[in-house]
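For reference, chains read A, B, C, D and E in written order, and residue numbers begin at 1 within each chain.
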Amino acid sequence: MADKIKVGFLLLGGCAGCEMSVVDLSEKLVDALEHIEIVFWAPTVADVKYNDLESMEDKTIDVAFIDGMVRLDEHIHMAKVMRKKAKTLIAFGVCAALGGTAGLGSLHTKEDLFQKAFKNTPTTDNPDGIYPQPSCLVDGKYDLTLPAYEDKVRTLNQIVDVDYYIGGCPPHHSHVGAAIGALVSGQLPAKGSWITNGKAVCDVCTRNPAKQGGNLARTMVDKVLRTVDGTPDADTCLLQQGYICFGPITQGDCGGSCLNVNIPCRGCGGPIPGNEDYGAQALSTIGSILKDDTVTAQLMEKYPNLAKFFYRYALPSGTLPKRM
Amino acid sequence: MEFVPNIIGFACQWCTYAGADLAGNLRCKYPPTVKLIKVPCSGRVKPEYVMEALAGGADGVLVGGCHFGDCHYKDGNHKTKNRMDMLKKMLGDLGFDPRRFRREWISGAEGKKFAEVITDFTAELIELGPNPLKGGVK
Amino acid sequence: MAKVGVYVCHCGSNIGGVVDVEAVCKHAETLPDVVVSRQNLFMCSDPGQEIIRQDIIGGVVDKVVVAACTPRTHEPIFRKVLEGEGLNKYLFEMANIRDQDSWVHANDKEGATAKAKQIVASAVAKARNLLPLEDKYVDVTKAALVIGGGVAGIFSALDLANMGNKVYLIEKEPSIGGVMAQLDKTFPTNDCSACILTPVMVDAGTHPNIELLTYSEIDAVEGYIGNFDVKIRRKQAYVDWEKCTGCGACADACPVRTPNEFNAGLDNRGAAFIHFPQAVPKKAVIDMPNCINCGGRTIGSEQKISKKTGKPILAPCERACPAGAIDRSKVADPNGEIIDVKVGAIIVATGYKVMDKDKFKNLAPDSPNVLTALQLERLISATGPTGGQFLRPSDMKKPHTVSFLSCIGSRDERHHTYCSRVCCMYMIKQAKLLKEKYPDLEIYMHFMDVRTPGKDFDEYYTGAIDMGINIIRGRVGGIDMLPGDKLRVMGFDADLASNIEIDADLVVMATAIELQDDIKPFAQKLSLTLDGSGFFKELHPKLKPVETPVEGIFLAGCCQGPKDIPDTVAQAKGAAAAAAVPLAQGRVKVNPTISEIDREKCSGCGICEPLCPYGAISMIATDAAHPRARIEMTQCKGCGVCTTACPSTAIMLHGYTENQIMAQIFALTA
Amino acid sequence: MAAINLTKMDKEIIQKIIDHGGKGITKCIQCNACASVCPVAKAGFPLYGRLLFRKIQTGHFEEIIEDSSSWACQACNRCTEICPRDAKPFEIVFAFRRIQANELAISTSAFTPLMNLHATGHAVYSEASKELRQKVGLPAVPVTSIANEKAQEEIRTLLDNSPMGELGIF
Amino acid sequence: MEKCGIYLGCNIPFRAPDIEHSFYKVFPALGMEIVDMEGATCCPAWGTAPSFDIDTWLAVSGRNITIAEDKNVDIMTGCNSCFGVMSEAKHLIDHDPARKKTVDKNLALIDRKYKGDSEIYHVSHVLYKNIGIEKIRENVKYTLKQLKIAVQPGCHILWPSEVMAVKEKNSFFPTILKELCEVLGAEVPHYSKLNACCGMGAMRSTDQVRSIGLVKEKLVNMKEEIAPDMIVTTCSSCYLQFDGAQKILKEKGEIDFEIPVFYYTQLLALCMGFDPKNVAAISETPRDAIIQKIQSEARLLN
């Protein structure tokens, strides 16, 4: 079929979980394949090499999905290549969109991270402290290289122009399905937008006190609990109970998956459209709803690193962190 | 050239902004470092604004609100305290010098205090030197 | 594209003498969207305003920035100019380059000019993003509330009532009258205080438009100018005022002795008491914390029946009351009764208190012969504890030597830095009254300096010297207690340049005027602020002396700052006139710089709902599963707390939008 | 006495007083409260506190530098406790004393305690004390610096390295 | 047993060692262990370093404080002047970071470090607050019934109250010493010049005549208003002044009476039955008669 949409998938620094969501579409993916043709899927699925992509003609891919964050020079290079080859580029999942959890690595130096990863973990035996080197001459003649480690994590849009964003860690397969559906039907929002229903997790959460009304209407949070401190009541708003939940601040395309299993939202869905800085807004919203400064102090004690708390999935995209 | 810090101040119109006006009435002297952005209440100041200002290269940011018990809107300043105390902590956690950010309660009667706070803040910023993000990519 | 006009004011030399106005103008021209930039010696003058007017008429500009003084005083003036030429008045922004620039950086002209450029840039950035706003109006309740029944409150209430307005006059004591009712005579005419005040109290008590609510306090104030909802707590008197005739029989019968506040603690009253002889309304009150529940019977408990007679045994107060107004078996609510009233304007006239002598440890506060000046007023008053006889408290003997100490707690950094304004004069009054009555009395008055600004005041003072009253320049540092209840006043005579000692029988201290200890929570109920001295802050010290930052709430009397009776009455009448304006207009404007919710954007998380200090936000279900927030326009006061919290960026605070503030930040970091 | 031409006075003394710890000098409003309870004033010394402050405020210096009244200040601090301007009069008197001391405008009797302090660590010391102590059943010397070579060295180090060390007293 | 560092100063060990000895007798008997502050120097007296240079003053006072800090004890001073000098010094060091910096620099010269965790108390504070009136009552053997005492608290224990760790309820009408004397059974009437200065200290060395003039005023006032059997003080300077000046005044014929003078712990020691040869053996104004009277059998409590 000539008018099949040509799709490519490229994984940068990530776990390929987002791609698993695509696979999780199962029969729906098979149905979709009537309309789409996957021309590139590396390095996860297809036996293609980067130079296969490099050698493609520009703009031959209709829609490219890139998942994972940007940490290596290789990521930068491949993102740029894919941008050239793709007509439409989607930052797929929260790592590509906002940096993801691995983005918190930016709060540590490269040296610290290397030490932790290659020397100080209990299961590592590396007394001489030998670390991966970007290039190395073996036997005096083999010039071997490894991708070089950048100083900090970046989001995809800090490297190339991004047309659309999809949140989630990973995105819920139903959301991926809906996004692919939108692609196929051509009903996409304005360029630069998130593909999302645009509402907070609270909007889909059955525990939202605003839906209960009356005595159950939302009140100020009078204590702070972590999930290790107890088991939340399964019907009451987690935030209201003191389990700090980012549901109000986070896009709810997941359908409230975590809340459904009694786990507070940590924000993988990304900020609601209009918010530029997830962590700053999370701090502002949560700071607003805490009853008084003793509760605030409690929060700061329970979560000793606020940057890692509020920016769990979004640090590299933060207004201030991205410029540091 | 001598380093003159650039301070952006978010000032509640009822207290700190009025206090700054009073400093003028009293002809208090302080360094010409602060530029106030008037807000109805310090509770209107998003933490993001502070971060934006710092990211944009401001050497210091001040958020000025009313003393507890004096808020024109009853308790907007309590929200300010919660948010800004956490923000100050988070700046440190981000590896950004939290001394570049101050949250102060300055009433409309405290013109002298306003001048003192700015004088003191300016001196501290001179000691800290320019914001390392000055001229950084936006 | 906006067409921004920038108008830079010299403010005479106030700005022009420090800031290089020409350079600021030039800089403004380089800013985006600025189409014209002009300067004038006084932008707020007619010719200054005319410049702006012409540019609007000519279509040159559609957004106006004036760089001058503070918007807190001058924004309304310039907004009128826009409005007059048909331009939306909210398309205006002020750059404060005087109060916050030239006045404070006069020693650094270069720095001040650089800062002025930045302030103008910030204002222009905001102006480019300004949106037109529409004023809305609501109807006004034609009634007023006057809080405080002292001389200020009484005069405010009378004036408003005489203009045809319904007035609620509330007073926390059982009677109106305030501190003036406690005074003996008043300076500089020596009229008897009670003689001039009592008829006015009666006027207020009988005026058809005035509803007197004494023994009452403010519980809560909600709403806004024109439409205040006030909850008044009428304290429980435990005496049926409908029946009480004010005969005082219960007070005579009551066995309790507790310090009498009206006599400044110089004597005692019963737990059942009448505030003072000329009280209005003249009604008895049982002060329950001090009631000893005669016969072990608390209020609301059944009467005991006499075994002898088979009749109920009555408590002394019950038995004494000829009108049957006291029934201790009746259950009463100690919280009192809540009365809801709706008013369009409020006058705060809560008065003051004088400092206690206990704070002044070096001045022998434990001696009964050291008195505050208010205590002396009571001591020499015909209705006072001694029936007007001048006797010192320790032994009820007539004093021969009296020392007066001024500025006790006033002009003192450890207490109050301000001058209490009336002390010099009332002490001279007291000294003169005493000297007139007892010419052989030796009187020494210790002043830092004597302050007599007022009509006929200095003549009054020099008259005291003519009478042989000794005026000494020098503050007293200590008092020793001598045997025989005498007091050794250790002073200094600046003119003799020598230490002096006076062996006094009585020492009178002019303790400072200050507001009541519980004034802060009260102020908070009304959203009013206190100034650095602890008095209620007026909107402008010169031009808006009775207005407050809360529209529709006005100030009268000493709650705004120490003042004498003529000034208090003048201000009370001024406050009444100001409060009458919205009542007469019939409608008031609702400030359009308030928050509004974009329901399309709202996610219905409900975070905003509990944050609103005015309960203006409610969650309305569009369909059951998706509630959305709504803001009640008349309740919102535009603080923006919800705007800041909203994670869906669905709330816009008009006049302080995200775009506008961000634009200012960008301008200031450019 | 001829009139004092205030415009010709030496106002630098005010800053000097501030530098020596008398920052309250500009606050004094001559209310006389301090003098009313001051032992120096009551004992009849000519240049008691508040007059000293006025002299300083008006730029008198040469006229007062040799006056010994300030050395009668007992440091009782009753003035500090009551000063309505919180000017801390005691600090001003001592600031003036320090100016006098550093110009060595002090009585010779002040030197003995200083030299004692430097030599033994004690401002007041006499050999006769040994006998007194033994009389009441105590060891001839107490455990203070008088019996402690190291302590004496320490006090000398502190004094020699201080501005006082420059005055040539020790 | 609680413990406290004893700071002797100069006057007590060298001019009135019987006061020193009374400390060693009284405090352990009341359950307070006394810890020596070896190598302590002069506080330094107001007329020395404090009159020359603030930082030198703070260094010397700071050094004395470090001796107690090293032993983990608070400081108890017997002399009001020492108490005032060191309390003010501590207040300045603790509240003025710039001064603290200089103190640290100076003390580093002698390998010492000021920590700020030892409080400065006066002997009368320890007796009143830590030991307590009741404990004293329990340990007294002889009562002072029908004896009248004029108390002299002294200035430096009263003002500036801001810097003091223990404050009187009203520093202008102090009661701590009065209560300490009353528990011994004595009558302690108020006299009007209670808080007037005795004239000792710097004034005495500057102008003896004027200094003695002040103490005379005070003595006459006591005599006229209450005619006490003895004067009791907790200040070693006041003690020396009252004790020494009476002799001079009497010789000059300015007074015609003598009132015995005690430092409070001397009187307490006598009431507890200690030997006057140790605790009250040196004075200019005779006090043998009153001592005998105090330790007479008639006054023994059972």
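Quick note on the criterion: a contact is a pair of C-beta atoms (placed from the backbone, for glycine too) under 8 Å apart; a residue touches a chain by one contact, two chains touch by 3 or more.
Since this is a predicted model, take the numbers as computed values, not measurements.
Engineer: What are the chains that chain A and chain C both touch?
Structural biologist: For chain A paired with chain C, the chains in contact with each are B, in label order.
Engineer: Please list the single chain whose C-alpha centre lies closest to the global protein C-alpha centre.
Structural biologist: B
Engineer: Express in whole angstrom the distance between the two chain centres, defined as the mean CA positions of chain C and chain E.
Structural biologist: About 50 Å separates the centre of chain C from that of chain E.
Engineer: Can you check how far apart chain C and chain D are, centre to centre, with Cα atoms defining each centre and the answer in Å?
Structural biologist: Centre separation, chain C to chain D: 48 Å.
Engineer: Taking the mean of the CA coordinates per chain, how far is chain D from chain E in Å?
Structural biologist: Averaging C-alpha atoms per chain gives centres 22 Å apart.
Engineer: Cα centroid separation between chain A and chain B, in whole Å?
Structural biologist: Centres of chain A and chain B (C-alpha means) sit 34 Å apart.
Engineer: Could you pull out the residues of chain E that touch at least 2 other chains?
Structural biologist: 171-172, 195
Engineer: Going by the contact rule already set, what residues in chain D reach two or more other chains?
Structural biologist: Chain D, residues with two or more chain partners: 42, 78, 81.
Engineer: What positions in chain C touch 2 or more of the other chains?
Structural biologist: Chain C, residues with two or more chain partners: 362, 478, 611, 641, 644-645.
Engineer: Go ahead and list every pair of chains that touch.
Structural biologist: Chains touch in the following pairs: A-B, A-C, B-C, C-D, C-E, D-E.
Engineer: Under the definition above, what is the set of chain C residues touching chain E in their complex?
Structural biologist: 361-362, 364-366, 478, 480-483, 488
Engineer: Write out the stretch or stretches of chain D touching chain C in their complex.
Structural biologist: Residues of chain D touching chain C: 29-38, 41-42, 50-51, 78-79, 81-82, 84-86.
Engineer: Show which residues of chain B lie in contact with chain C when the two form their complex.
Structural biologist: Per the stated touch rule, the residues are 4, 6, 8, 13-15, 17-18, 20-21, 23-25, 27-33, 35-41, 43-46, 49, 52-53, 56-58, 66, 69-70, 72-76, 79, 83, 107-110, 115.
Engineer: Hey, which residues of chain E end up touching chain C in the complex?
Structural biologist: So the residues of chain E touching chain C come out as 170-173, 190, 192-195, 225.
Engineer: Within their complex, state which residues of chain A touch chain B.
Structural biologist: Residues of chain A touching chain B: 107, 276-277, 279-281, 283-284, 286-288, 290, 292-293, 295-296, 299-300, 305-308, 310, 318-324.
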